[in-house]
Each structure stands twice: as structure tokens, then as C-alpha cells.
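Both of the next two complexes hold subunit A, though its partner changes from subunit B to subunit C.
Let's look at the complex of A and B:
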């Protein structure tokens, strides 16, 4: 069902939504970019449509809203374990693009449908309502069309800002009461139909790809800074940390925090042995996970082609180029 | 030929080893210039000079081989550059009005460099506006970060960019890249404790490299800009030495005020018998003592809360 209204009316809706939801969207954090006098675009809480950054890709994905960077799982004392309270009252509304909605589906696969459900993820995920925003143009490094994540049906609301008007497509009846008094209008999202970058996922990819010398290139290029995974909407690994409070060493908490196969220490075991010390091997692991292993298990590709890994890599390593190089090699071998 | 060499020098021309020939000096505050101005410099060098051009140690230009009779013509040709760079001038078409205070030089700063903590060119121009023209021999240089590529520590006033890094523990994934980098490359101000980072603000020199390294933006820049003002460094024949910290975590406004105050101090204490009426400030400070300099320099300066003023400075 579609509606149209002016900006202020939509802001009024946001105001009333705020009573029941925390609302997040990509927004500009002034002067908070990595370099001086640069801004950072990432997800943050908003209360007006003006705060939403519609025109630029956010540096980080929306995953941090459902998969917190640092998350306390429980507090422990000598003989007791207590789980932290979750804000049960408010829901979460996230404004995001098609690739990002697809990325959340990948996270769902890992955390909800990969054997045991993850209760911490589930608690937050169930509160989330997704609001689709459009891409007017494909951004640099995007290859969503190749990954089939340029489109989505999975949204509660779609909104389009057009000058001083807001057009809404409503799919979730829960939101009906906020909109029904406004003018009806036919609104459907436009999806990106082509990107500058096209990626060919190698057909017949198998573990013989492990031996390609393609990976060696990355051994010297990659600096294992981990930016590619921290900005990725589908990287979902975490590590555990047990913190003992310094005043009383028999109490503390267990946290989980993001981890990444691209960062030193990921496969370090007791005694210091590491499975993948070499950065080329780590790139191989990530690539095979994103376009081979995940697909083998769940029947579709993990990578959504948002291109954030390429945007963020300080060494200008391109994941899309890596996939295409791999494709060429597979074809040569076969 | 009758030339008033005092006037010639005060007009940013040089007496050269070649009789009757001069060299025109062109200031470029902050060392950054629009390329269109280079065409004018080229034209002057070809038309009046010997077709060559020297890039000065202070990031200006010097065009040699100009017969002294052409000075008025060269001054006219320089007018558009002087206007383009917004250099203070007494009257149009008269060239650069002083030779004492040297061109304010700067590293490339955050226009280009990832390490820089501020726009050095902009600050250099603000300083230039405040202090030029001036007869006293003062050397100032600005550098974007403590790497000090401009060698701010060889100047009377060296300005080094700083930021006060802010840490959001929630965003930290404990990769320790900032800790390792700070230990190996900087001052070891960061350590890893209970899986999160602790910063020793006493040790932190505000270089901002932790921000550059962080993959999750757990480290970000402070909204306030800070600088380290180092003073009385010098080269030269008498007693060369490196500049030392005067005020750390200082703001731009206070730096400009301190430098302006210093001109009053020089006026009061300069050796009236100095050869050519020139005495470098460092030697004046040596004579009056640091405390007297400090009293003058900090007059009416309202320093921010974070600023640390050295109680004494012991140069080599």
C-alpha cells in the first residue's frame, strides 16, 4: 500500500514511532572520519528525516545494530550467572539499502538457521523492522547486480524522498495505523539494474583453487588491518572475552566481540600455533567462504556485493577483482 | 648606478654577487600555490631574469639575474600573485613590502596527507595575514603532525598538529593494532588491559595514528584542534639548536596572539647595535632569559584548559 506526504508529516510519524522504536539510519558524523577534516557516514540513531544520508554509501554496514561490536553475554560471580537486561520495550527500525537487507538475511542464516539458534542475536533480530531506501545510482565498487542482492521484497516500509515529499510503500500492517490518514499513492521501489563492476562467480569452483598462486599476491599486499571484514555486512565472526573485574577477581563478565579471519590472532591456538599466518592464505579463506563454502551449505552466495571491503581497504585490494581473477583461473584450468 | 640597497632589500629583492643584477623573492605562505601563478613567475624569469628560478628553502621562489633597473616592472608583474595569495601589501604594484619576517612555511598538511591533523596551508595563511609585513627576522613553520616533515624544530616558532584521540570502548574489537603501532612507532602511550585499550594521556603526543589504524572507528578525532608550539630553534653560525616545547595542547588563536606579542617583545629588547639592526629572537631570549620572554609572549593570551605551559625551558 502506498502513501504520500510532505517531509514534516513524515517527521511527525517518526516522532510517534520513536515512542515504540529506536530509529537508525546512515548519517553523517561531522569530522569523525579517519582523516582530519573528513566526515564519517555510519549508522546512528535519528529523529528526523533530515538526518538520514540518502546520497552516500555508509562506510560501515547496518550489522552493528543487530550484532553489537561488543556484547556482554552474562555476568558471573563465584556461583551465579546473570544475563544482562535487554531493552524489551522498544523495537528497532533500520533504514537501509537492498544489499544491506540481503546482508541481514545472510546473518540470519548464520545465527538462526545454522543449527542452534543464537539467543542473543534472536532477541535483537526479532525487534527489527527494515525500511528500504533506494540507490539512485550504483556507487563506486558496488556489484550487487552480480550477486543478485540489488533487489529485495523483505521490508516493512519503503521510503523515497522526493524534494519536499516522502513516498511510502507499506508492507507491514503493524505500521498501518501511522499512515492510514495520509493520501494514498502508488509507490514501488526502483532497484539498480546494472553496476559498473560485473563479477563472475566461478562455476565449478572447488578446493583445487587452494593451490592457485593467485593468493600469493595478497601475502605481500595485505596488511591484515581487518577493515574489509569490519565494514562487511555479512562477516559474522566473533570471539569470546572473559573479563575479571580488577577489584574482585572472582567476578566478571563474558563478552563477545567481532573478530575477523583477516586479523592477526584469529587462528592462534595455545602455544602460539596459527593455522593461517600467511595473509594470502587468509584472503583465500575469506574468498572461499564468501563465494564457495556458504553457498555449498545454504545454496546461495554470502557476499552481497556492497563493495565496502574495496571502499575501505587502505592497500587498494579489490575483492571483486579477486573473484574475477579466480574465475579466469578456473576457466584456464578446466 | 645609484641603488638604495636598504630599500631594495626591504622590497624582497636581493643584492647578488653579480654587480647590477638582483634576484626577486616571492613568498608562498604555506608553500601552496595555484599553478596559474607559475606562468607569471616563468614569464618574469624569461623576460627579466636569466631564464632560471630557484625554489627557496622557505618554500618561496627566487628569480635571479634581473637587472636592477627592472625592479619596478617586476613588481608590477608580481601583483596578481600577491593578490592571488592575499598577501598584505602597502600599495599595489609595489611588490613585497618587507624582507624581515620570513615566508611562513608548511608541510602539505591535510589537503593531501593522511597523517596531518589540520589544514596547514590555511593556518599558514592566517598567520601570514597577522604578521606580514614585518621587519623583524622571525621564522615560522607549520607541520601537520609530530612526524615534523617541515622541520618545525629548526624554527623560531614551530607549530605541530595534534589531536586528542577519543576512544569508544564498545567499538573496540581488541585487534591491538593501535597498541602495537604506538609502542613501535610513537611513544607507547597505549596498552591493552582486559581486552580493551588504555591510553596514558601523559605519554600521548596527539599524533592521531591510533585513529588511522583503527578498523572500527573506536578511535576518533577530537572536535577541538590542538597544537604543540615549539620555540627558539635555529640554524646559523653562532649556536644552532633544536626548538623546545613551550605550550602543548594549545589552540590556533593563542598561537597567533603569542607570535604577535613576540614582535612587541623584540621591539623592546632587540640589540640596537646589532649589525644591520638584525638580531634573531633566540639570541634575545638568551639575553633576557626565558621568564621575561614568557611574560611578554603570554600577555592577554587566554589558553584553553588542556594547554600545558612549560615552567622553564633549557635549550642546549
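Let's look at the complex of A and C:
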């Protein structure tokens, strides 16, 4: 069902929605960028449509909203473990692009379907409503078309901002009451049909690829900073951490924090033995996970081609180039 | 939260049985289904969690044989009988006893690798008629590192036990050398129906498995148990993943025909 309205009217809707939902969208954080006098675009709470950054890619994905960077699993006292209270009052609305909606599908796979459900993820995920925003043009380093994540049907609302007007496609009846008094107008999202970067996922990829020299190229280039995983919408790993309160050593909490297969210590076991010490091995592990292993296990590719890993790497390592180099090698070997 | 997979429960330490200077068996209160080869996440608030294999399964207890090698296990070793530890589990697939019934079985265990397979040994010692032939070959660094010493002696009365140590002083009269050096001495009646379980440090598993294949054991009849940093134990954290496999969910016990394709 489609509607059209002017910006202020949409802002009124946001105002009403705020009573029941926390609303998040990519927004500009002035002067908060990595370098001097640069801005940071990341997810933050918004009150009006003017705050939404429609034209630039956000540095981080929306995953932190349903998979917090740090999350308390429980508190402990001397003898007991106590679960944290969860804010049940409000739902969560997230404005995001097609690739990012597809990325959330990958997180759902791990947290809801790979073994038992994760109760903390589920609690947040059930509160989330997704609002699709379009990409007018493909951004730098994006290769969503190659990964098939340029399109999605999985949204409650789609909104298009056109000058002073907002066009809405509504799929979720829960939102109907906010929109039904407005003019009806048909609108459907336009999806990116082509990116500058094209990636060929190697056909017939198998474990022979583990022994390619290609991976060694990354042994000296990668610095194990883990930025690629931090910005990735599909990286879902975490490490558990116990902390205790310095003013009361009998109480503390167990948390989980984001982790990455690219950083030191990820595979270290008790006694000090570490698998994949070499950074090239870690790059191989990540690459194969994103374009081979996940697909083998769940039936679709993990990487959504948002290109944020390439945007973020301080060593200019390009994941899309890596996939294409791998494809070339596989073809040469076969 | 209902069915919170991360929430540990309190379990009383019924007994502590010293094995070596650094290995102790903690007998923990537990009622429920457990299979040999499965593991529990053992935790102490403020110190963290560690995955520990089950080394014996009783009606109302499980044994966890814990080596003092890190932050969590160091603190566990300061605990005494009557105190409590926190547990989650059991996790993992464990050994399917039925696979080995009415066949010849060889277990090759290196060091603490004897703990996860001890449940299989215990089962067949009690049900000797269910196995055609049973050989245990276990290797330790030195005589003072031998685990389950009394049990090994007891088992020796019922099954073939080959115990070897990597190194020892002159007073030690037993078998010496790595497990791999003694595999040629194991008597096997029927190669085709013999099942082999290999558990131990990664390098021991690799070469021991190769030796058994050299002797003519089918890959499909070899079983290994992998050890990894299993941080969550429930297929979420990703630490134990190799290729498309999550050791905590799909393992730790694997058939070698599958395990050989797992490349770290």
C-alpha cells in the first residue's frame, strides 16, 4: 500500500511513532570522523527525517542495534546469577539499505537458527521493524549485485524522499494506523542493478583453495586490527568476558563483546596453543567463511557486498579484489 | 528468560580425585542425560568459562578431569569438596556407543585425551560381551603424567592395555616412546570391522590416524574428537568454527572421513 505526504507530515508520523518505538537511522556525526575535520556517518536515534543521511554510506552497519558491542548476559553475586532486565517498553525502527537488511538475515541465521535460539538476540530482534531506504547510486567499493543482496522484500516500510515529499510503501499492517489518513500513491523501491565493482564467486571452490599462495600475500599486509569485522554487517562472533566491580569484589557480570577471527588471540586455547596464528591464514578463514563455508552450511552466501571492509581497512586490503583473485586462481588450477 | 542457553547452574563438588600434579578429577553433582565425549562449560564468576569434557558418567554425578593450564582452571583447582562450581551443558555430540558394539575397537588416547574417551572405556568394561575385542593404547609424557592410574591397571585385567610414556628415568620398566611407534604391535583380528577412536593433542591425532590408515583401517571406521576454544558452546560465538563446521554443535566427535577435510 502506498502513500504520499510532505516532509512535515512524515515528521508528525515519526513523532507519533516515537511514543512506541526508538527510531534509528544513519546520521552524520559532525567532526567525529577518523581524520581531522571529517564527519562520521553511523547509526543514531533520530526525531525527524532531516536527520537521516540518505546520500552517503554509513561507516558501520546497523548490526550494533540488535547485537550490541557489549551486552551483559547476567550479573553474579557470590552464589547467584541474575539475568538483566530488558527494556520491554519500546520497539525499534531502523532505516537501512537493502544490503543491510540482507545482513540482518545472516545474523538471524546464526543467532536464531544455528542450534538453539539466542534469547538476548531474539528479545531485541522481535522488537525490530525495518524501514528500507534506497541507494540512488552504487557507493564506492559496493558489490551487492554480485552477492545478490541489492534487493529485498523484507521491510515493513519503504520510504523515498523526493524534494519536499515523502513516498511510502507500507507492508506491515501494524503501521497502517499512522498512514491511512494520507493520500494514496503507488511507490515501489528502485534497487541498484549494477555496481562498478563486480565479483565472481569461484565456482567449484573446495578445500584445495586452502593451500593457495594467495593467502600469504595478506600475512604481511594485514595488521590484525579487526576493523573489517567491526564494520561488517554479517560478522557475528563474540567473546565472553567476566568483569567485577572494584568496590565490591563479590559481585560482577558476564558480558559478551564483539570478537573477530582477524585479531590476535581469537583461537588461543588454554595452555597457549593458537590455531591460525598467521594473518594470511586468518584472511583465508574469513574469505572462505564469507563466500564458501556459510553457503555450504546454510544455502546462501554470507557476504552481502556492502564493501565496508574495503572502506575501513587501513592497509587498503580489498575483499572484493581478494575474491576475484581467488576466482582467477581457481580457474587457472582447474 | 526462559531457556537461557547462557545461564549456568550451580553444581556441588562431591569429590576431588587427584590424578597428577596438575590434573584433578572433580566429581560434580549432575542428573541428566550425558554421553561420553560431551562437554560442559565450567565457570567461576569473575574468572570466566572453560569447556571441559566429561570423564565419567554416574547416576547422579559427572566427572570432569581438569588440568591446571589457565586462568579458569587455575582457580578451579583452589576449590574443595562441598563447594560449588557453575556449569552449562552437556554440549556437543559425544560418542555414539552403538557404532562400536559387536566390533573390534581400538582407542588411542594421548595425555588428557584419555578423559573424553574414558566413558566409552567404562561402558565396554561393564559390557564386555558387547565388543569383540577391545584395545586401549594410551600415551603420556612421563610416568608422573599418567591419568587414571588405578583404572588403567583395573582395565588391563579385562582388555588389552598398552601404556607408553614419551620419556622416563631408568627405573621405569614400562613401554616407552610415542603412541605412533607402538601401533604396529596392536593385534587386530579383522581389519574391516575394527573401529578406532583417536583423541589427544592435534599433532598426536594427525600422526596416529595416519599410522592406523597405514595398517589398513578404513577412514570411515576412525573417529576423532577435536578440541577448540569453545567459548559459547552453542554455535553462536564462532570461536570453534573450522570450515562450515561448528565443533561445539557438530562435534567434537567426528568421523575421520569428515574430519580430514577440516583445515584450520
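Convention: the second predicted complex is superposed on the first by the 334 of 334 C-alpha atoms of A that agree within 3 Å, B and C clash if a C-alpha of one lies under 4 Å from a C-alpha of the other, contacts with A are read in each partner's own complex, and residues count from 1 in each chain.
Going forward, a contact is a pair of C-beta atoms (placed from the backbone, for glycine too) under 8 Å apart; a residue touches a chain by one contact, two chains touch by 3 or more.
Since we're looking at a predicted model, the values are computed, not measured.
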Legend entry - Partners on subunit A (subunit B, subunit C) - clash or fit: fit
Inset, instruction - With the two complexes superposed on chain A, say which partner A:123 touches: subunit B (first), subunit C (second), both, or neither. - result: second
Inset, instruction - Please indicate which partner A:270 is in contact with in the superposed arrangement: first for subunit B, second for subunit C, both, or neither. - result: second
Inset, instruction - State whether A:100 touches subunit B only (first), subunit C only (second), both chains, or neither. - result: neither
Inset, instruction - Return first, second, both or neither, reflecting whether A:53 touches subunit B, subunit C, both chains, or no partner chain. - result: neither
Inset, instruction - Compare subunit B and subunit C by how many residues of subunit A each one touches, and report the one with more. - result: C
Inset, instruction - Could you say whether A:69 touches subunit B, subunit C, both of them, or neither, answering first, second, both or neither? - result: first
Legend entry - Contacts of A:230 with subunit B and subunit C, given as first, second, both or neither: first
Inset, instruction - Classify the contacts of A:258 with the two partner chains as first (subunit B alone), second (subunit C alone), both, or neither. - result: first
Inset, instruction - Identify the partner contact of A:42: answer first if only subunit B is touched, second if only subunit C is, both if each is, neither if none is. - result: first
Inset, instruction - Write the angle, vertex at the C-alpha centre of subunit A, between the C-alpha centres of subunit B and subunit C, to the nearest 10 degrees. - result: 110
Inset, instruction - Could you say whether A:31 touches subunit B, subunit C, both of them, or neither, answering first, second, both or neither? - result: first
Inset, instruction - Please work out how little space separates the C-alpha atoms of subunit B and subunit C at their nearest point after superposition, in whole Å. - result: 10
Inset, instruction - Jot down the residues of subunit A that show up as touching in both complexes, subunit B in one and subunit C in the other. - result: 239, 241, 244, 259
Legend entry - Residues of subunit B that touch subunit A when the two form their complex: 110, 114, 116-119, 144, 161, 163, 169-177, 194-195, 208, 211-217, 220-221, 223
Legend entry - Complex contact set, residues of subunit A against subunit C: 73-74, 76, 79, 81, 83, 110-111, 114-120, 123, 207, 210, 236-242, 244, 249, 252, 254, 256, 259, 261, 266-271, 273, 275-276, 281, 285, 288-289, 292-294, 296-297
Legend entry - subunit C residues touching subunit A - in the complex, by the definition given at the top: 1-8, 10, 43, 45-50, 67, 69-70, 72-73, 84, 86, 202, 227-229, 231-232, 234-239, 241, 243-244, 246, 249, 261, 263-264
Legend entry - In the complex, subunit A residues that touch subunit B: 29, 31-32, 34-37, 40, 42, 59-60, 68-70, 225-227, 229-230, 239, 241, 243-244, 246, 255, 257-260, 263-265
